[in-house]
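After this come two complexes, each holding chain A, first together with chain B and then together with chain C.
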Partner chain A sequence: MNIMTWSSLNAGVATPEIFLLCATCAILLIDVFLSDAKRHISYVLTLAALVATGCLLVAGYSLQPQLAFNGMFIADPLASLSKLGMVVGVILMLVYGRGYAAVRGLFRGELFTLTLCALLGMMVMASAVNFVVLYVGLELLSLSLYALVALQRTSSRSTEAAMKYFILGALASGLLLYGMSMVYGATQSLDVFVIAQKIAHDEANRLLTVFGIVFIVTGLGFKLGAVPFHMWAPDVYDGAPTLVSQLIGSAPKVAAFAFIMRILAQALEGFAFDWRSMLMVLAVLSLVIGNVTAIAQVNIKRMFAYSTISHMGFLLLGIMAATPGGYAAAFFYAMTYMLTAAAGFGLIMLLSREGFEADQIADFRGLNKRSPWFAAMMLIVMFSMAGIPVFIGFFAKLAIIQALVGLGLVWLAVIAVLMSVIGAFYYLRVVKVMYFEDPTDTAPIAAGADAKLVLSVNCLLLLVLGMAPDRLLTALTTALQFSLHPGL
Partner chain B sequence: MLENYFPILLFLIIGLLVGVAPMCLGWGVGKVLGTNKPDAEKLLPYECGFDAFEDARMQFDVRYYLVAILFILFDLEVAFLVPWALVLKDIGSFGFFSMMIFLAILVVGFIYEWMKGALEWE
Partner chain C sequence: MTEVIFYVFAAILLFAGLRVVTAKNPVHAALYLVLSFFNGAALWMLMQAEFLAVSLIVVYVGAVMVLFLFVVMMLDINFEELRKGFWKYVPVAGTVAVVMAVEMALILSHRAAQIEGAGLVDHPAGYNNAKVLGQLIYTEYFLPFQLAAVLLLVGMIAAIALTLRKRKNTKYINPANQIQVKRNDRVKIVSMPAEERPSVEAPKADDGQA
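Presenting the complex of A and B:
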């Protein structure tokens, strides 16, 4: 047995995570000594911690993967870029949600510390190369999210949503762990690279591994909210405070992508034939049921929930392709969807006010007459989600479909396109309501200048990235190239 | 090798049999041989010979759970501390400071719960 020392730990690789943990503890301690009137100090500190974490990530970015903590933790481009995406997603959530939280009594220290803990969990998920560490990251994220969903303690809907989320999340964790234990039984290792090696050398029991993969994919399906494991998603999105819905709907999708990459594309690559067919079923069902059910929704948060399900279908299609192009397309999809969903939920929050949630599609009636700027922002988000050209959503979908056609899976590409057309209906309905109907609600829109500015930049990004997606796509492709087969 | 799990399956079956069979047997034998003459007095619920005071499904104060959770947290800490203290000489500074980091994080949680009033009963 080798003796552990500080230098063998190589903890410097995890500087962003360690910094975030220290900052979270500091903010937790500072916040308990603050009065309610000075709560904005914690808010500013949280934002500062997030920006600093982002800077550390950028400063530490290198194409060469580095292992730490006895090979349990890796800092590679895949992890770094997805972490940057998550940090941006969480910053957006806090900026958009500040006013929303303040009028609902949610602007408390727990909001900040739980959000930071969730982010830490996501970052661990993206960087872990050991099944146990992957699981610990996932649980840190999930437990923080359960508590965040229930943040509005007096609301019975929030509590119900949190309960549903907790029970189904616990079930999913159980399934995932069970699957991981099967894979451990078949390969005698929890290390992603060792498992991949054993499978490549045909030393893993096939039956047992595939048995484990079934449970792992089921657990991942629950966490992603892919059909037929999607039942929790609409209730949770609807019941949670909108800023928590935004958190659930944006950054964790990027973390889930990295998580799936570690387990399926890196550890279990040798069994791609088996998990590809499973993902195919999940993806097609998610696309069909997500899009068709979204049509029937009158609540925009529920509509977003079903649209997320269908977007996850697209994401899974990219991973299902199991080619470098497919993975890169899925990565691109996860990152851009995070930006789009953040803006979408952000708009709902900015339009809401005390005692009014703005969560019905009817609440957007005649928005153009009330505020042309807000209507234009919503238009960009809807067009992007629908996949209309020049907006980012179009290129994300195009990249996925290209990967599918490249593999000769034309029928899947046809389904994906057909479902996008169905999806366009309910996105364009929101646009119709905003521009061609008369407002029923004439209250002034009270949104802070900071949130408005960030929202403008966010929506502008959806447009600019849509016109010039090459750089981002190239960066993500290169990152995956250096990450998936690091040859350490 | 799923066959390797056969002993476990066997164990489950035997466990079920050993656990369930006497119960079924007792119930069946009692049903056949025993006499069953219920009356109002026999079916009445009672506590220590008296009539039941209140419903068994009463609400517990949520503070009990809070105390229980806090107890588990710090109880586990001790479970880590004892073996750590025993081998402290062998694990060197790395082992010492690893535990200090762990304790520091727990202290942060402790200060938080104290300031939030989780330790006050009223």
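Presenting the complex of A and C:
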């Protein structure tokens, strides 16, 4: 029997999470005593809590991994950096979505507490090194997201989207759990490092483990929205309030990357041969179906959903390479995609106003005449997603393709490039609509100054990072080196 | 002796499970489900997992099934309507069930699926299941246990956010105002000059006015 001591608990390692949980509870209580007119106080408190969590993460950053909670929780550079990315993603969502939420009656305490709980779930996913904790973190994120999608309860589309998301999400959790239970049966451990060790020493039941991996990859595919498990994504992105779509489309992708790293790259590294081929199928299908279907969309939120599917294909290609270079490229892709998607959804919310959703591509008509600055910002986002040089999206794709070519998988690289070219079509169509068509909607842009400022910084960052991608890439590569092979 | 008890409970469990799907009356079906839970708990008890057995009865029989019975009794669902296609689907359902049973038997008997240490453990006398579980949860599994609590909190927030509706036309009573009320707020005395009593009979809807 393990006796818990203060040193085996080592709770100081999880200070950001503990602080975030306490802050969430405090905001939950404070919000009850606020009238609707004073709701902005909870908003400011939420932002303050997020910024403080970010500061704690930066202050606690160290290259040496530290275990806590009896070896169930790890604070390594991979976890710290991805958590920092998630915190930024959630801050962006709240800043962009404030005006949007206010005019739709969503500016309520539950929006803040559920968002913070979702963030806590993501942070746990990034740090957990035990299958139980990994699963609980994932459920914390998923449950918060289901509720957030349904938050606009008068809208039947939101409710429908939430129902679909909930049912498919529950199915995916079940599959994932089933797979985990098989791996547990085969290795008799839930601990990521013990499982890796048992597999390395050939003490794991091969048949059962591979069987479990099939279920785990299927569950992950559902959660990521990779083809053929992508059916929920367009409906959820379209039906959810845009700020929730932004939340689903940005920060959780970073969490999903860390989650996949823990399960596939750390625990099941010894079976890389088996899960690589599964990921390859998912990645190629996602690239093809995501890009081709996106062409047919007239709703920009649905277009983003299909574009996310194709981007997840790229992410999976990086993980599938199963080399340090491939992992680093995928990490870089997840982080930069988070920023790009946040900006994209931010621009949709910028153009939305009371009683009007700018969710059709046609709503962007003649944006250049209405606001040349934001047309330029949208141009940056679209070019970055399409992977046009100078913008960050190009370097993200380049890093993945380099990793693939380095492995000799040239045919995969060719498919990825071809599909990017097809994808460029629908991104460029948005640009064409903005610059070469006349505006049909001439209302002034209603968003607040704070959202406009942060959005501009966000978009310019895509350009600036694109000019100097090396530093970020090097930082992420070092982080992964120290996380995946501690003791280097 | 244990084996005999096992087969008795297992037989009742199977019978109850079968009745859950075949009972015409949904209340009977729910009650059979209670019976099957009870027998499942007894099987766990035989495996010396008394904590699981007790919690199954407390949680499922005591809370979930009682709530479920309430729902079944309150909702006016036409179960005959739901059962209409039953015989039409029997062949397909039967095939699926047989295939699943064969697959399960194959998997369970396959050599590769034999898991080390999967057999029953003999515990020494005085071994306390609940105590061991409690010690594990509060020490080794402290983190997932706390996070599961947060999960429940999220469920609570979500349920309240999605179902609590403030109705604007509801007439709330404010107890503070109720207590502070003065005599003058309730009765207003107006001074009026005295009038002669009008001599009208009890008003009958039409006659008087016409």
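Everything that follows uses one rule, which is that the second predicted complex is superposed on the first by the 485 of 488 C-alpha atoms of A that agree within 3 Å, B and C clash if a C-alpha of one lies under 4 Å from a C-alpha of the other, contacts with A are read in each partner's own complex, and residues count from 1 in each chain.
Note that in this section a contact is a pair of C-beta atoms (placed from the backbone, for glycine too) under 8 Å apart; a residue touches a chain by one contact, two chains touch by 3 or more.
These figures come from a predicted structure and were not determined experimentally.
Engineer: When the two structures are superposed on chain A, do chain B and chain C clash or fit side by side?
Structural biologist: clash
Engineer: If we overlay the two complexes on their shared chain A, which of chain B and chain C does A:Asn205 touch? Say first, second, both or neither.
Structural biologist: both
Engineer: Report for A:Leu114: first if it touches chain B alone, second if chain C alone, otherwise both or neither.
Structural biologist: Second partner only.
Engineer: State whether A:Asn70 touches chain B only (first), chain C only (second), both chains, or neither.
Structural biologist: After superposing on A, A:Asn70 lies in contact with chain C but is clear of chain B.
Engineer: Of the two partner chains, chain B (first) and chain C (second), which one does A:Met467 touch, if any: first, second, both, or neither?
Structural biologist: Neither partner.
Engineer: Which partner chains sit in contact with A:Leu143 here, chain B, chain C, both or neither? Use first/second/both/neither.
Structural biologist: After superposing on A, A:Leu143 lies in contact with chain C but is clear of chain B.
Engineer: Given the touch rule stated above, what does A:Asn130 touch, chain B (first), chain C (second), both, or neither?
Structural biologist: Touch status of A:Asn130: second partner only.
Engineer: On the A-aligned overlay, A:Phe33 touches which partner chain: chain B = first, chain C = second, or both, or neither?
Structural biologist: first
Engineer: Of the stretches 4-12, 40-48, 112-120 or 166-174, which one in chain C hits chain B?
Structural biologist: Answer for the clashing stretch of chain C: 112-120.
Engineer: Overlap of the chain B and chain C footprints on chain A, residue-wise?
Structural biologist: 3-4, 28, 205, 207-208
Engineer: Under the definition above, what is the set of chain B residues touching chain A in their complex?
Structural biologist: 1-2, 92, 94, 105, 108, 111-112, 115-116
Engineer: List the residues on chain A that touch chain B in their complex, please.
Structural biologist: Residues of chain A touching chain B: 3-6, 25, 28-29, 32-33, 205, 207-208, 211.
Engineer: Where on chain A does chain C make contact in their complex?
Structural biologist: Listed in rising order, the residues of chain A that touch chain C are 1-4, 9, 21, 28, 69-70, 72-73, 108, 110, 113-114, 117, 120, 124, 130, 132-133, 136-137, 139-140, 143-144, 146-147, 150-151, 153, 185-186, 188, 205, 207-208.
Engineer: So in the complex, which bits of chain C are touching chain A?
Structural biologist: 112-113, 115-118, 132, 135, 138-144, 147-148, 150-151, 153-155, 157-158, 160-162
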